[in-house]
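For clarity, chains are labelled A, B, C, D and E in written order, and residue numbers in each chain start from 1.
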Amino acid sequence: MELRPLNESNTNDKYKTYELFIGPNHPGISGNFSYVLDMEGHKIANVTADPGLLHRGFEKLMERRLWTQNLALIPRICVPEPDVNEVAYCMGVEHLAGIEVPKRAQYIRVIVLEMARIAAYLFSFSGVGGATGLYTAPNWAIGDRDYILDLFEWLTGGRVYHIYQYPGGVKMDIPDGWLDKLSELLDYLESRLPEYDNLIFKNPILQKRTKGVGYLSAEDAIENGITGPNLRASGVKWDIRKAQPYLVYDELDFDIPETGDGDAFSRFVQRRLEMEESIKILRQCIKQIPDGPYREKIPNPFQFRVPAGTYYSKVESSKGEFGYFIVSNGDIKPYRVYVRGPSYSAGLYYALEAMKNMRIEDVPVWIHSMDICPPDFDR
Amino acid sequence: MSEWKDLTNFFRGRSFWMLHYCTGCGAMELPPTMTSRWDMERFGVIPMATPRQADILLVTGYLSLKSLKRLIYTYEQMHAPKWVLGFGSCTINGGVYWDSYNVIERLDKYLPVDLYIAGCMPRPEAILDSFKKLRELVEKGEAKGYEKYVKNYEWYKANQDRVLKRTKPVLQKPEEVTRSA
Amino acid sequence: MDTKKNALAPLSALKYLFKKPHTVRYPKEDLDVFEKEGVSPRYRGFHTNDHSKCIGCGNCASVCPASAITMVEADDVKPANKFAKTYRPVIDYGRCCFCGQCVDVCPTGSLQMSREYIHSFHPDVSIPPEEEPEKVKEDFIWRPDQTYANNPGYVRTPDDLLGKTIEFERTDPREEPADKRKFSFAKFVHTYSKEEAKKEATRCLGCGACVEACPNQLHIPEYIRSIAEEDPEDSLKWIYKRNPLPLVCGEVCTHQCEEACVVGIQGEPLAIRWLKAYSASNVENYLEVVEEKMEKPNGKKLAAIGAGPASLSFGYYTKLLGYDVTIYEAEDKPGGAMMWGIPKYRLPKEDLMKDINTILSLGIKLKTNTKIGKDMPFDKLLKDYDAVFIGTGNSKPMTLRIPGEELPGVMQGLTFMHLVNEEKAPDLKGKRLIVIGGGNVAMDVARSSIRLGAEVTVIYRRRIADMPADPEEIKEAREEGVEFVEAGVPLKIYGEKSVEALEYAIASLVPDPNGGRPRPVVDENSPHKKVKVDYVVAAIGQHPNLDFLPEDIQEKIGFDGRRVPVDDFGRTSVEGLFFGGDLSNKRQDIISAIGAGLRAAKGVDMYLASRK
Amino acid sequence: MIFLKLLEGIGVGLLSLTVGLLFMGLARKITARIQRRYGPPVLQNFIDVFKLFSKQSISHGFAFDLGLVAGVSALLAAVVFLPMGQINLFPHNSSLIMIIYLMTMAYLGMAMGVSSSGNPNATIGVARALTMMMGYELPFAAVIFSVYIFAKTGSLTNIVAAQGGGFLNWNMVRLPFGFLAAEIALQGMLGEKPFDMAIAPAEIASGPMVELGGKYLGFGMLQHAVGIYLETGIMVDLFLGGASNIWIFVTKQFELFFIALLINAVLPRFKIEDGVKFMWKVPLLLGVIQALIVVL
Amino acid sequence: MLESVEKKVEELKRMNLEAKALGDWQFEVLVPRERTAEILAYMKATGYKTFIHLACVDWIDDQEFELVYNLENYDEKAQALVKVRIPRNKPEMESMMSIWGLCQVYEREIHEFFGINFIGNPNLKPFFLDEWLDIPPLRKDFDTLAFSQELFEFKEDESHGIKAPKRIEYK
């Protein structure tokens, strides 16, 4: 698509419609991504998605790198929640290579995943705030998310890209005192939740802005491959953690919260409620985590071969089903890896239907309520 | 006259308005930097919604070819004096995407970069540090990338055109291209 | 959760107006999460590299997913050990993604990451833009050193559990226990099973440090990789490129490579030797697998004297080049020292013959029981053949030069081993035997004698740690019940008809000022000891025996009684005369001899090609 | 004499600019506190404005320049007629109608300027700003009507004078519904949340300002600064009994502004039609009730 | 392994298809190209309603492309990988848009990255890449390193200028 200078858009044959860009350089969009809106007055007549601004050719690059070298690459596929990539990829590789992961490592993985989920949900709170103009929300939420990043840094050595998972377990053990700090953090976050409720979810204006926006029925969600909290907010009780439990989720007690209205507000509330469940899971993990090895030994990167085969491994991320379709031909490098980003179907396909006849001010609300993350479909 | 200039530079260095264009994954550390934990507004840096209002362009990491095109438009829309910050490894020498077919290797071939920050991605402290460094440079009148761009416009343009306006396959194998129109 | 609308609820946020903000006041204030340490103790920042520990193996460069690391020749650093290279990693921070994988695979732990992370660069405005990319790139390319070492972040130390990417523990092959093996001459080290071999092979980092340490520069990483891919045939192909005696080397090689193995710096080195044995013993017919192309016979004739490893290797590679090779051997069986010097429990004779027969089956003529100089004059050889290769090795033993040496019951090591291998050794049951010397031959003698039922003491003039024998040989000998006497200097052998006793002194060891092995000094204060003994075996070294060569040739080639000086290709100053093996090698072991044979084969080919 | 008045006028203009910018700086500081951070220096906005005027600026045509200059100058002109403590340049001409008229002029000028930039975002923004104006002008008009009736004068000087003699004489106390309605309308006038649909960065990329850069944006900022001064000033004169000197005046202004800020910090923005509906429902109702009370 | 997966695999085997379980809850089934639409429609009718992804694998040694339709069944908690092989020299496939509208974007992506033509898909315009003229980039014979070296003019040179690390000091 050719980018046109903005003031030319009015010289269309008719003055009936004009083009408006949401993104890539636009505060309303979550990342480097663009929707081109054909506007008819205040209403959106037609939407075109213009992805590829973040396309790095990961799938090609991964074919050129060793199995474990890829661990440095893949966190970058989903920037707000990198750990799901690492875990999903490692789980796929472990399944193909037939590696049993020690219990402790599985618990650590659950801890990492749930912390990442909380961080991502906090990030999506900031999305709510940013989209509706409630700037206190991002300031609070991202500030609190930073405490999670601090703990991540302590555990893994990296703030954003942890590069902590390794086929067979995790790279390092939990440091002394870390779990205590984690439960302190959970206390803090729990004390903060009512404040978020007051600021965001009980806010009458915010409710007015988000209720009824972007209604998504259960059938549409299933048909369009929309997963995760968005699907659950439409009333489908589907959570991979419950349905096809991986790691040690079957040993942990948690619920799938129900909101079920299918509009933007219920999607926000769904995330807020799931955050509580994540805190619950983390508390159980802290209590139950066993001693033992944190990693099953595997050969060094130069000699690590994965037996030939295909497998689709998936993880319930904060945005939905994050999947890795891995094809190996028995070599030291993957033959093909396909990454299934949870935002793909919503951001590139369903958006075009959902946004039709929407008003411009609902667009950011819709985008942030679906938690669309461009890096995971651009790859 | 020079005092006047110094004064201008003093003010310019204390009020960086940053373009809110998150080009790459380095943008992930910007929200923490902007918001309460690191609060870059303390240094007079605030995000702006449009290139017209902005003074500094943060190139937060790798640039795909498609982004590069938008970035150049954006840069040219900005009003001088304007500065470009190359953020993280990807802008310096390709970073971890050094062999990617869709990611440019070096930003300085296409836009004049005033300051590079090492890191993948840079921590908020590094970002704040770079703002301070840029402030110093601006106060001394050493950050003049925009003038360099104007002076060497032909050179930059040629490089930009080379990657953005391709007319033939790069690998010179047209007979193998089986793609239909 | 209650989501009822409440217009006043948001106002509760206003209480933060009166609370202290939680902003980190960088740079005045650090994060307080890690006890005021700024960033986490595991933070992955800029690298540090301890140049005195770094061995320049380049594993970091190979593992870097961003291709950020290159190895450059550094003139200003000293090699860390005798196998180390002076290459040092140079890191491009325009590429580095701070993943820490280079730290994980650093076998010495010298490459680490610090907690420093701030660096920015401002390109000069005045330089033309064409030069700017290079300038920028240069600024971000560093050769890490100890600059940030006082602020360590993500590190890997041997006792630390961080980064268990390299497998430090060796998978040893199954061995018979000492109390079982000491009664049998059967091979006590079993070859690897498939799983064990694979497990051991996958420890290899593929850096190739071993290749340079190997006297014959075998393609070690390649053949180990093939074993890891469960393909011993391919592995053997790689071995045969430079070594036609894979099973022999697999079982008795002195494995210099394992000393150089980078995994061995912090852990146990790879069992390269056993891996070779695995791939050789898993292939029935070598030649089917190797599929070496033989050139058409070119009609030129070559002779090799002595059917030891050097000549066999020489014969194999010249035969492949199309020459007609004849090997002359004084004994009745080929193999030389491998046949007569090495005891069966280390190298079973059928394994040796499997290797030798493979070589001979190429069509190499072997004339046994033909001693040059006695059964055939040397000049005739020189006349009949286009070139002659001499690989007779060391056959003249060194004597003790003490009184009583001529008594029956005093033997030389090699002679003793010859007898053992011929199964003509004297009955040693219940007898006392003393071995003098500390080399591999001494160990062979001692351990063979144990198996023959003797009580064995080894007397060595320095400490045990200084012994030239393989440490594992010494260890195994001890396990089998061999006793050791350190700093023992034999003085006199008593006896009338045969040996009855040995007197030796305990020398004081004077440290060598140059850091070498200490020097034993015997003076009047030294305690003397006299022990009863039935046999004394002196295994203190051998010299070459070139008596069959005419005097003028001996002089011309510059033979000094110990070694023949040759060039890289075994050439001497006499045209058409090539030397190899222990005659000319600095290291006197099988693999060096094979290497000498291979090089001489090349030398011969070059010589004859130039003469044409 | 005229020359002196002119000088005084310039002085008042500068004062309003300074106070306006200072208020904006304080606003950033206070919002930052609620957001759990420190915020920029109080004088940050002066730096920003100075910087903006030092930047290269791209014009989009004559209407663009004219509109923006008209925006600032109309507001500055309005300030001159505002009685503030002992400073009262035109005590006899301080007609409320005139000030309101000039204010509207200013916003129309701004609208004319930015819509000539051709950016659809700006156009949408202007459309929203004007719609919003319709929203808050109506309740504000109702309030002014009640004050008019109540004070029986249209001159701010007289209105201020009528409130003299203590707290209980303030219109705030005597016309509580009107004050409430005016407060809400003020929120809209200041463009604070929940009524900032006109700029809405996440939707239309800061709307009218989208094509402004350099000194044009500087004008925009100045206009906002004067706007804050003027609008809070009117409120002070109308409801808080004016002031005896400029310090008290500014303090009273700031109190009003402070309340607006707090609301701004904790609320998201309305959709435009919701905003207008709200304006026409709550404050208008309050204003009409007040008017009815006053009339009856 | 889940019972539902076992049953489904048996069922598909009875339909003369190669099917096997890959894990506890997923199985793959190899479908001939001409039966793809039929099988996919059948799968959708039997509960595999959610379309997870469409991926493509370039088996260059076999000279074939493999299309993988990933379907999920929320009721039976099962996942199906439906695989179709098409020849590499004639990369054509019927569009499955009539079954899942979502296929439109996936097919557009695969058209761009592998050069496979989807018959019946109205919009196969460039999607992620701008002005791509070379071999489709995710094919195995496309060399991304050579491409980027050529286009971005960078060389992997040996002679690095070496500098000691340094830290910028502030006054």
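Here is the rule we go by: a contact is a pair of C-beta atoms (placed from the backbone, for glycine too) under 8 Å apart; a residue touches a chain by one contact, two chains touch by 3 or more.
All values derive from a computational prediction rather than experimental measurement.
Enquirer: Going by the contact rule set out at the top, which chains touch both subunit C and subunit D?
Expert: Neighbours common to subunit C and subunit D are A, B.
Enquirer: Compute the centre of every chain as the mean of its C-alpha atoms, then state which one is farthest from the centre of subunit E.
Expert: The chain farthest from subunit E, judged by C-alpha centres, is D.
Enquirer: Using C-alpha centres only, name the chain that sits farthest from subunit C.
Expert: The chain lying farthest from subunit C is D.
Enquirer: Mind having a look at which chain is the central one, using mean CA positions?
Expert: Given all protein C-alpha atoms shown, the central chain works out to be A.
Enquirer: Please tell me the distance, in whole Å, between the geometric centres of subunit A and subunit E computed from their C-alpha atoms.
Expert: 21
Enquirer: Please compute the C-alpha centroid of subunit A, do the same for subunit B, then give the distance between them in whole Å.
Expert: 27
Enquirer: Using Cα averages as centroids, what's the distance between subunit B and subunit D in whole Å?
Expert: Distance between chain centres: 37 Å.
Enquirer: Distance-wise, how many Å sit between the C-alpha centres of subunit A and subunit C, to the nearest whole number?
Expert: 52
Enquirer: Where in subunit B do residues touch two or more other chains at once?
Expert: Residues 20, 35-39, 42, 49-50, 66, 69, 93-94, 96, 98-103, 106, 109, 120, 123, 129, 133 of subunit B touch two or more partner chains.
Enquirer: If a residue has to touch 2 or more other chains to count, which residues of subunit E qualify?
Expert: Within subunit E, the residues that touch at least two other chains are 128-130, 137, 142, 144-145, 168.
Enquirer: By the touch rule stated above, which residues of subunit D touch at least two different other chains?
Expert: 32, 34-38, 201, 205, 265-267
Enquirer: Which of the residues in subunit E end up touching subunit A in this complex?
Expert: 22-26, 28, 49-53, 55-58, 68, 70, 72, 74, 77, 79, 81, 100-102, 104-105, 113, 127-130, 137-138, 140, 142, 144-145
Enquirer: Quick one: in the complex, what on subunit A touches subunit B?
Expert: Those residues of subunit A that touch subunit B are 3, 24-27, 31-32, 52-57, 60-61, 64, 72-73, 76, 79-80, 123, 126, 138-140, 142-143, 145-146, 149, 159-161, 375, 378.
Enquirer: Given the complex with subunit D, which residues does subunit B contribute to the contact?
Expert: My answer: residues 8, 11-12, 14-15, 17, 20, 35-37, 39, 41-44, 46, 48-50, 52-53, 55, 78-81.
Enquirer: So in the complex, which bits of subunit B are touching subunit E?
Expert: That would be residues 65-66, 69, 93-94, 98-106, 109, 129, 132-133, 136, 162-171, 173-174, 176-180 of subunit B.
Enquirer: Considering the complex alone, what residue numbers of subunit D touch subunit A?
Expert: Residues in contact with subunit A: 31, 34-37, 117-121, 124, 193-194, 196-197, 200-205, 265-272, 274.
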